[in-house]
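Two complexes, one shared chain (chain A), two partners (chain B, chain C).
== the complex of A and B ==
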């Protein structure tokens, strides 16, 4: 039971927020995270077209052998991505709470430019309270 | 709960086998040259002319045709000119004409599936920092499972989103039908990049295995 990281991807596929929590996954550079977020954005679009039965959403949960990636797509196209251990059951609830925090601390912030990286102490501290202490 | 389709790719990124079960949105047949011969008759180009040719094809058109005597059973047909005729082994009736199509031709769809699998596999490897395998992903209407062998064959299965991990099924297909009717079949040209691995025994055997699963209903 661990939450490894949180990403926020804007509607164009750019990574606007990335933070690590528990240890357990590889430490990557911010450039590598940007590339992975872009890839995930593309994959997400393709997965909704591969449905064998009618229309489909994009990928919601992606599983590896020791961790999983839970994706929350909002109606505005912003994606909240949570990397957790396989046994983690609260991923969906946490993402919903992160979305709430995003709405309150980022979208209502008059100094925030939409679709740009999130630099907001309010958001940071809300995430810390929600998930735990990050290593910045 | 059900299983929709199965794709097998070799290490050259080529789709070498396809089979589907419950699928309301079937792909359009592939364009000429889009897929290899002997991948799946259901999605091969010109599925109608194959039936017409089956009875009249010259025995001299291909050296392989010596195998397809009218009395014996064809064990491997790698040649598109000599497709498997309707044989009693494969009792499953062909699904009714596709009710609707994904709008994608099969070859396009196969490439997209492979692209997604490969990208996710690389992403999981990168994120974990280990040699960790990508296992599955789920959307609102289906779940995609992957099993990769050491030799680079990728078995991809699409199922109901509520299904548990079907990796063991893919493994069973690998150690059962695949080993028995593909690897040990001298008439299947594995790794050729020119032919798929479709043959009647393999298809029947997979069909039986999948239909026997509790999740298949």
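== the complex of A and C ==
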């Protein structure tokens, strides 16, 4: 069980926060992360239109053989994405707590510009307290 | 001593000669911030359904239990206050001065309210004329009225006789604020400093009050409110000491 990484994607598909917590992810450049986040944003937009049962909020979990991507879409269109191992069971709860921290330390911070990359010590330390620094 | 015009701090919108004051004057900003004509507060509350909560101005001043406001709502409001102010100033000092001015306007009202709450029930109402009891009442009563808790410590400067400090380990107004590195001297508690300055002024202890970040390992947002008293206050304290 491990939490590998956390992304926050703004409503336009831009990656505004990215952090790795455990070994096991390929080392990527920040540009590659931006491309991946934009791709995920596009995939998510497609999945939200695939439902045969009317409107859908889009993909919530994407599983591979060795990993799981859990996506939390907020009502404002911001997406919180958690990359975990398959066995991880707390991803949904963790994402909800990340959303809490985001509402407190990012949106209430006068020095944050909406839709721009998150540079807030308060958010960093809350995420550290929530998920850990590196070894999960 | 008579003021030719209102004290600049009592009116943020007054067109004083301060560098950035023109941005706040109603004549230049009225178009940008004009609101659609909303029904007045008074009429909506009076014509509302029976059993609705009374107008805020009709409420009992002494009932504090239900007078609390949402900390989140305040955090968002204060965040907007800081952003609004930051767009209209030229530097950190200017920003702190402006926050101080806004706090001052609250402090004058807080003093009146806390004095009323503390003394109206008393059979022998009195007013603080000595500095240390006044400082203690700011530390506890004013802090409780504004933040819902008392401050954490009072200190006296060892170097300067005219300097006192009120210390708050976790100021509620800064709880969600992360100041960027390039503005690290900025303390948003300048707002609190303004409140303290107004209360001291109102009690007859003119002083300059500033806010400073003094983090330690346990309390990363620990803040010191530094009070630098005017000489007249120290002189009077000395006279009162001699009389006893």
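The definition used in the following text is that the second predicted complex is superposed on the first by the 133 of 136 C-alpha atoms of A that agree within 3 Å, B and C clash if a C-alpha of one lies under 4 Å from a C-alpha of the other, contacts with A are read in each partner's own complex, and residues count from 1 in each chain.
One rule holds for everything that comes next: contacts are C-beta pairs under 8 Å (C-beta built on N, C-alpha and C of every residue); 3 or more make two chains touch, one makes a residue touch a chain.
Here the structure is a predicted model, which is why all the values come from computation and not from measurement.
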Clash or fit, chain B versus chain C on superposed chain A: fit
Which of chain B and chain C A:108 touches, first, second, both or neither: second
C-alpha centroid angle, chain C to chain B via chain A, nearest 10°: 150
Partner, of chain C and chain B, that touches more residues belonging to chain A: B
Chain B versus chain C as contact partner of A:122, first or second or both or neither: second
Superposition-derived minimum Cα distance between chain C and chain B (Å): 31
Overlap of the chain B and chain C footprints on chain A, listed as residue numbers: none
Chain B-facing residues of chain A, complex: 25-28, 32, 36, 39-40, 42-43, 46-67, 69, 83
Complex contacts: residues of chain C adjacent to chain A: 72, 75-76, 78-83, 86, 176-180, 183, 188, 220
Touching residues (chain side chain A, partner chain C) in the complex: 104-105, 107-111, 119-123, 125
Footprint of chain A on chain B - complex, ascending: 4-5, 20, 22-25, 102, 104, 109, 112-113, 115-116, 119-120, 123-124, 126-130, 132-142, 144, 158, 165
